[in-house]
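In order of appearance the chains are A, B and C, and numbering begins at 1 in each one.
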């Protein structure tokens, strides 16, 4: 049995933020995740928006954490060297009903404490964003709205936590959690057992299931899938701000937004599905995204689409987050039902929850914290002078592995050597952007696989795209033919 | 800061770059440098181990590596330096090329003339917007070809191929011969863009069905691919409900077209053609930026390497003439795609032609017993009859230089007239 | 006996009907538009030939060696040749043109290296 003070289930944006906060205390901490890397669930597949906080109903957990969390983002991302940009947003309306919604959003925003909100006229909206549908009638301008790379933030927070002693264990799906003799005993699908003083449920899609293991209460959780288009990077994106349509009961609707890396993101639709791990895209879902997005962007074109993806949000029937001690359970905490604005809220959720946990078992702050050591600046972001120096110091900077995103061998090796390093092709991709570009890894994936194999000692045939059984290759050419010959 | 100055700088040591460099050398240019990002010259031919290259140029059938070796040997014999493991990061309109390599570090090289010969890449899944999961086991045909032929690994055991381009067809045979089971080759168009020979020798020989007018409508598998759904499509290429069939497979190869790789080109401010996705050039393969030339698959996607070599030799010669100051010219005609024609190269023709001009283009459909015609100011200036024009085969049309004398400045329209079989 | 053959000599892809005798010997062809088509049809119906290309592992090199048959071989021998090749391994260096196996499976074709490793 693996002993620790704290077990956190889930290494999404909330779990990693919490692990990082708790790593400042004198405590042994284990993070368990079903996936094979940090941020494999909703964190890797959402809109990447730090919402200002005008949408959440005043008085809800969502409203409180959103506004608090959003205010922490600029400093958090700067400290962790994570791409973040306050690009602003417009919520656009087309009719009288929309105007009423927009006015309501404005009032909510003011009540929630969001600064800088302003309702702008059609003309001003079109002046700000000339590619907008000219049928727009008015818009809410949200200067505080920002964009971030959610999984890169999770990686950075995980690295920071790990450097300060937190252990991340992947491929661990929790199947039981029980309180015995003042200790939580946690069991996973592959038979590992963990004992801890405090158990924290930060699981996204399994949030309700684990909640029930801990306190016996059944919660109704709806798995709501959203599909996206991601268009190629371009110096001339049609929009410089995030453009929302008026929200509905199913969520914030289809947005069109630049990303921090200069792509254009279009989505999501919203459909309730049975299997929270079903992140497939569907022809119907993708069609509905376009059908809605064209209302924002009449000259919409997906000719430069480079990938489609979908993410599943964990929606509680109560339509609010559950953050705090698990009711009716001892030494158990949770942050569940974390759908939008969960990304925006994570820093605030982690701060509040870590304080509660620390107080509950009397944790003391560490005297010394290992300062965060960010990955070196990406080669693609370096000046010519910096590039020259980088290659002079490490020849691996002279080997461009991903030509679409200009990612070097040095960056890939470094990503594998991080505290919570990449072990898969997707892990390298999300940490370095190798394979994120217009050829989608066609050129670099064989090369990345070789580097992964060299760095980790895993044979090339066992390198996976995303862990588990997602192997890239099925054998060497000669073995394979011999096998086929024997089968004849 | 400029680290080096050369006469002609060639980007890419595939068949295009090598032919251009050798031609520039033969025309008397001494200072030539070829930059190549791979660890050896030869380009994509290195992984094309099948035969069928060089029939036009050498009058024999070579494999890809053999064809490449001939040009490598010619370049070596001419003493042309080829620097491998070197990636070009940018090209400026002032012909400064920024590049990086592990051995020589970060450098800026200026050149009197630059030849772009970077080749092309495959269309990825994203460009097709095929729905389904994002599991392992989905490769472009060329990536699979690299794994099998260059790395010695098999990407999978049960394979469906989407698209019937030649690389997909070649890989159907390759995977089969190596012991994999290829279940089907699925083509959304009512015809294949691949060569007849490849359909017969890569599919028919092994009993692999070619499903024309079909596409993949779903991709399944959480970790590794477990299956795809294939459906028939209607005239507007939309899947027809009720025609779905499922294939259990662990590998999906995509062979859905090639795109010239023009990031460096657009970075230099060179005008690109939406029809070819390559640079707009004149008959000497000079782009809209003086002294920068383009040839091979970065200019427009070819079906035969023989034509790549021929075109690139012309570009190399022109670059060499340019730095001797013989390149002065005035653009006189622009070439326009008419009915049945897509992506004519060159897009511009200048005055004072020394030679005939060969137009190259893609037919937009399959035409039988047809003629290709070029005309300007209502006057026919070139005509060519053919039993067949198909999108899979680049069409050629020569304009004799005499035919252009007396034709006023303006546009030249190229069109195909004939019975269209597929639109 | 009738057989349909699609000509591969050019993009026209003529659909040719070949008449064969009881014993499989060639009688006549129709549907071709040129003499090359007729020759191909006869060959293809009586004794189809193919080039074989493959790769074999090389000890001491990261890249496998690409090889080809020196001349086209009978189509039905392809499977046997591939199996033979799967048992081979060569040692670097190998030069393009080197004979790796002579007269493979008695087909009269040699297996030849098509690159240098």
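Assume contacts are C-beta pairs under 8 Å (C-beta built on N, C-alpha and C of every residue); 3 or more make two chains touch, one makes a residue touch a chain.
Owing to the predicted nature of the structure, the values given are computational and were not obtained by experimental measurement.
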TODO: Name the chain whose C-alpha centroid is farthest from the C-alpha centroid of chain A.
DONE: C
TODO: Quick one: name the chains whose C-beta contact count is the highest of any pair.
DONE: A-B
Task: Innermost chain, where centres are averages of C-alpha coordinates - done: B
- [ ] Between chain A and chain C, tell me the centre distance in angstrom, where each centre is the average of that chain's C-alpha atoms.
- [x] 53
Task: Computed distance of Cα centres, chain B from chain A, in Å - done: 38
Open item on the list: Suppose each chain is reduced to the average of its Cα coordinates; what separation in Å results between chain B and chain C?
Closed with: 27
Task: Multi-chain contact residues (two or more partners), chain A - done: 476-478, 481, 485
TODO: Mind pulling the residue numbers of chain C that touch at least two other chains?
DONE: 55, 57, 64, 82
TODO: Indicate the residues of chain B shared as contacts by at least two other chains.
DONE: 148, 151-152, 178
Task: Contact set on chain C toward chain A in their complex - done: 55-57, 64, 82-83, 85-87, 89
TODO: Show which residues of chain A lie in contact with chain C when the two form their complex.
DONE: 476-478, 481-482, 485
Open item on the list: Under the stated contact criterion, what part of chain B meets chain A in this complex?
Closed with: 37, 85, 87, 89, 98, 100-106, 108, 121-122, 124-127, 129, 131-136, 139-140, 142-143, 146-148, 151-157, 178-180, 217-220, 222-224, 239, 250, 263
Task: In the complex, chain A residues that touch chain B - done: 229-230, 277, 279-283, 285-286, 302, 305-309, 384, 387-388, 390-392, 395-400, 403-404, 406, 438-443, 445-446, 460-461, 464-478, 480-481, 483-485
Task: Contacting residues of chain C [partner chain B, same complex] - done: 6-13, 33, 50-55, 57, 63-64, 66, 68, 75, 78, 82, 96, 114-116
